[in-house]
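As structure tokens, the structure follows; a few thoughts come after it.
Order as written gives the chain letters A, B, C, D, E, F, G and H; numbering starts at 1 within each chain.
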Amino acid sequence: MVDVNAEGAAREPATGTLEIAGRRWGSRLILGSGGFESLELLGEAIVAAGSEIVTVALRRVDPGAQGSIMSVLDSHGCFLLPNTAGCYTAHDAVLTARLAREAFETNWVKLEVIGDDRTLYPDAPELLEAAETLVGEGFVVLPYANDDPILNRRLEEVGCAAVMPLGAPIGSGMGIRNPYNLAIVVEQAGVPVICDAGVGTASDAAIAMELGCDGVLMASAIARAQDPAKMASAMRSAVQAGRLAHEAGRMPRRTYARASTPTSGVPEFGNPASDRSS
Amino acid sequence: MKVIVNGRERELAEGATVAGLIEQLRESPDGRGVAVAVDAEVVPRSRWDSTPLTEGQRVELVAAIQGG
Amino acid sequence: MVDVNAEGAAREPATGTLEIAGRRWGSRLILGSGGFESLELLGEAIVAAGSEIVTVALRRVDPGAQGSIMSVLDSHGCFLLPNTAGCYTAHDAVLTARLAREAFETNWVKLEVIGDDRTLYPDAPELLEAAETLVGEGFVVLPYANDDPILNRRLEEVGCAAVMPLGAPIGSGMGIRNPYNLAIVVEQAGVPVICDAGVGTASDAAIAMELGCDGVLMASAIARAQDPAKMASAMRSAVQAGRLAHEAGRMPRRTYARASTPTSGVPEFGNPASDRSS
Amino acid sequence: MKVIVNGRERELAEGATVAGLIEQLRESPDGRGVAVAVDAEVVPRSRWDSTPLTEGQRVELVAAIQGG
Amino acid sequence: MVDVNAEGAAREPATGTLEIAGRRWGSRLILGSGGFESLELLGEAIVAAGSEIVTVALRRVDPGAQGSIMSVLDSHGCFLLPNTAGCYTAHDAVLTARLAREAFETNWVKLEVIGDDRTLYPDAPELLEAAETLVGEGFVVLPYANDDPILNRRLEEVGCAAVMPLGAPIGSGMGIRNPYNLAIVVEQAGVPVICDAGVGTASDAAIAMELGCDGVLMASAIARAQDPAKMASAMRSAVQAGRLAHEAGRMPRRTYARASTPTSGVPEFGNPASDRSS
Amino acid sequence: MVDVNAEGAAREPATGTLEIAGRRWGSRLILGSGGFESLELLGEAIVAAGSEIVTVALRRVDPGAQGSIMSVLDSHGCFLLPNTAGCYTAHDAVLTARLAREAFETNWVKLEVIGDDRTLYPDAPELLEAAETLVGEGFVVLPYANDDPILNRRLEEVGCAAVMPLGAPIGSGMGIRNPYNLAIVVEQAGVPVICDAGVGTASDAAIAMELGCDGVLMASAIARAQDPAKMASAMRSAVQAGRLAHEAGRMPRRTYARASTPTSGVPEFGNPASDRSS
Amino acid sequence: MKVIVNGRERELAEGATVAGLIEQLRESPDGRGVAVAVDAEVVPRSRWDSTPLTEGQRVELVAAIQGG
Amino acid sequence: MKVIVNGRERELAEGATVAGLIEQLRESPDGRGVAVAVDAEVVPRSRWDSTPLTEGQRVELVAAIQGG
């Protein structure tokens, strides 16, 4: 991603870099490759979002189909992050991670162990078990978690390289439903926190970053926007805006007003009544 | 002999290997982005040639798709 | 603002231009000059925010003081927008606007008629009266209003060039307290809608733009941030992010999850139990 | 004679004009960013020279500050 | 309402009385009579809600129709509060109030001057003008207002006996959209504050009362519930719950947990590991 | 609680009964006995809240102290629900539950396995393990859970008699932070759902019940109110209000207004202008 | 003669009064819950009998309905 | 002999039982609301009399308090 990095440096106020397991990236926006109607749209979104890390999934080979997703990601110099989407047990997630390591020659994995298909929320005990196993096998594990501070701490304790609490159900676009939990996760985390799932529009991504997240992962918010490439640009700006605001330190909130204009030295023009009557 | 490939029964010649099966299934023999498990054990690419398939084994051959 | 425009064109996805009373600007972020601890900080914020329109107030001449605010704004090529801050009656606001026209050779005015000093909310009837008078005298009137859709419509009906509903009390940093009202104001408006007051951090500005506002005016959120220049950059990105998201058309919200990864073709690895037992 | 300038009584010579008062009050006679009202009526810059001040008038002389 | 008062005293913890213009009522829930599918349902709702004050509107006589709304309200001993619903100008509202005084032999009026028919928000200047006129004619004026603290103060200043800020648009059921404004209105008010319009379910009414309102006025939330009489009971309990909570003084909020069980004296059972291994 | 039941029947609209593990109660408000400054205040709160189920904890015997909490609860005919507060492992929670069974001759337990002392959130895997063990030993297990729908389902699957998702951290008084999760828990539950922890004031309890919870458990909201007995009354009304509203079926929400007064038959008084001029 | 009653033209006998009109329009002559305006002026019940209607007047006769 | 009672070492006579210990610690021998664990095993009330304590055992004696 040399180009993007250089470009980024030229183009944007520095917002530090995202560092996970010793690797660094200039972009804090991780793109999920799912849901795009075509690989062309995916390519445009990657460019507009400035994303360097992009997720992929594994499925049974469809004879005849081209593995062209690989060439698209290669052509944009993306770092592939395989996930274990579709796994409902630690057993299947571990095997899928091993297959991904073979297929992509990477020991990185976005670990998903789903609890049910209506919420697509993770199954906490199975997720912990799979994370522990994969860390033991030398994987760099990025677990998709719920926003429970305890689960996120346990995942860090078993050696995950980052934690990825959800903001809302995958594909719901409901934003950060419980900012309090996310803030607690961030506050106690010793590894990077990536908000994964739930972002629906730009302000949701900005909020996640303002809460102190190190990055945001999204797919549907971009893929299912009416104009995916434009939304990708919006998200790029939003992640940067949120990060800058977090670093800048926001003004204090107050219930009442506070004048931004000095209240002394106001000219006096005498009695309005007389003037009005004229 | 018969093996179960991605859930479907498939007839293979005796002595068929994982490598052979992959060639049958994909135009591009370059296996990048592809991985194989036989009876729930991953077979590293380096051993595709030397790994024979035997009657009734369950083979999962997977490749990258958009996702996540 | 030629530099900024050119720069902007090079640097950012086009988000159209802000057009008020026939004038156009590339930036949708109007900066209030109040509350900055020094003119240097103000200058840095103007650059970082990329603002083209900056407000000023009028106060009794302080003998000896330099009118150096003027030179700062001139040096950055800013368009001066005088306000009537501190006026509590239509009478005073009208006179102040006339003085501003003399002082700055502009017929533009950000019209403020305050109702009380704890909320700094506008006084609707006085504001309407002042707006009608000033429009009659040929002013380009940008009224600071509350978020009442009826008041904003009346202000448009008497000829205001834009409406500026508040998001929350001036200097409160409480964000957009009633997005429903703001959305209705936007929907029914035939003139540009500038969200004025209330923004506290980047996501607040993004939300205002996502609601369809044409621009955002802020002072305290930048001036009172721990790092004003960095927050100004954050706001620049946030306004752009919100506008792009508005134009891109967000994904639909849903209560439940929707997988972004295909659910067919999932490999099957047999019985987890047996595997675990090993 | 006495006039009220920005709320304070001030002694001026007979025949003093708005222009004269402004020169007294500011180093820079260039009046950009400054405006004057006499008895709640704005006096355009073009008439500063020709506008005499008279006993007891209330003068408001204002200039730009940060605000809003 | 002697019965209800006595019953109320026997049945419920005292929550003081609602006093407007020197009159007192035991119930803080004012019922709007509009939207009920039948007068029977209205009667059941009056009983279940325990309401003593019920609003009515005036319309052109429909020859042949019986004025039976009157007999229903009389049979329940309700205090009639005529409104000026449907008026868009001070002129029409004033005339309608005068007609109501004739028709119902009351000088009380719920003053509505509507700004548009999509929001049904009040028109602030017209409302103020009508209120001032009617107060001058000896009316007890209860104005339906928006949640602008300045407008509510002006209404009090011209002599209104109470103010009735809205929580959300009439019939929207969106609840209290801007609790901050409502809290400010309550804090500065010297007359009773009745939250009028917006309540959709029981918790909305409780929130309005917790904010310090003296009462709540609603119609649609009850009339358009699937079971109006049961919702009327819910609202009766909710208004009481909110009032009691306001008087009781809520616990302080905190971001983190605070144990409600003593943390000392916890028994110690030795090493879990050994126990688990058994 | 015969008195209260009878009284309740006379006094309140029926809201069904709370049934857990085959036992029925008229009150849906479970009271935690912690945090009350005196046993007298606790007693007053029990009466005002109308609670039938009250929790107690176990601690090392303080020689000389009287076990008078027992006599207070006995004197009010309360059903004792022992908890395992203070346990951080399944092992300790199981042992504490066994001790409670001995001490109180009950096989009911409110199961708490805490993950950390800043959030007092449960540790999901330890909680599940303890729940499964205790169910196996014949306990009626009511687990204090987070609001993760998956964890709550797992707890039901291992045989818990009810699930008790939190609304916010214990003692925080922050209300129902994530109503979406709570709604999903309720929707999928085959056992009663008791909202445990987080309620700060009456409307919070009403919201939990409106979401479909079968009951609410609280301690701090009452014990730490300025007037605990009055807040207990507020909570009693709030739980009832929320339940009734849930059963009554709320009106639909809409963004815009809908008149509750017929818009036809409005009288016409001719031209306002002429009238005003008079 | 013709008067406009609630927006509709209506033929009345010469000398008709407000009271007479109301009787025509309603079974129950007891006027509780009813009010009348003639040409945008309210006519108190006490004057219904003594208030004649004249050609072309605009009468608004209103009664209580559910509302608000 | 010495046993650890609620975390504190305590001297007991040889042959002391759980029942005896409880009587020492509480005025009211009626044990309602009280429970005992010895070395992490609960001792049912019915066996308090017949359960001797031995050197070095860890006894947890708990009672009801406000909580939860």
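The rule is simple: a residue touches a chain if its C-beta (ideal position, glycine included) is under 8 Å from a C-beta of that chain, and two chains touch if they have at least 3 such contacts.
Treat the numbers as computed from the prediction; the structure is a model and nothing was measured.
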Original post:
How many hops, at fewest, get you from subunit B to subunit F via touching chains?
Top reply: 2
Original post:
Which number of steps is the smallest that gets you from subunit G over to subunit H via touching chains?
Top reply: 2
Original post:
So which chain is farthest from subunit F, going by the mean of the CA atoms in each chain?
Top reply: D
Original post:
Which integer distance in Å separates the CA centroid of subunit F from that of subunit G?
Top reply: 60
**OP:** Mind checking the centre-to-centre distance between subunit D and subunit E? Centres are C-alpha means, answer in whole Å.
**Re:** 55
**OP:** Provide the C-alpha centroid distance between subunit B and subunit D, rounded to the nearest whole angstrom.
**Re:** 93
Original post:
Distance from the CA centroid of subunit B to that of subunit E, rounded to the nearest Å?
Top reply: 71
Original post:
In subunit C, what residues contact two or more other chains?
Top reply: 32, 34-35, 57-60, 62, 83, 85, 95, 99, 118-119, 121, 174, 180, 184, 219, 255-256, 260-262, 265, 267, 269, 275
**OP:** Can you tell me which residues of subunit H touch two or more of the remaining chains?
**Re:** 6-7, 37, 40, 60, 62, 65-68
Subject >> subunit D - residues contacting subunit C, complex >> reply: 6-7, 25-26, 28, 32-37, 40, 42, 44-45, 60-68
Original post:
subunit H touches which residues of subunit F in the complex?
Top reply: 32-36, 39, 42, 55-63, 65, 67, 69-70, 80-83, 85, 95, 98-100, 102-104, 110, 112, 219
Original post:
Which of the residues in subunit H end up touching subunit E in this complex?
Top reply: 6-7, 37, 39-40, 58, 60, 62, 65-68
**OP:** Note which residues of subunit E are touching subunit H in the complex, please.
**Re:** 260-262, 265, 267-270, 275
Original post:
Tell me, which parts of subunit A touch subunit F in their complex?
Top reply: 115-116, 118-119, 121-125, 128, 146, 148-151, 153-154, 168, 174, 177-178, 180-181, 184, 188
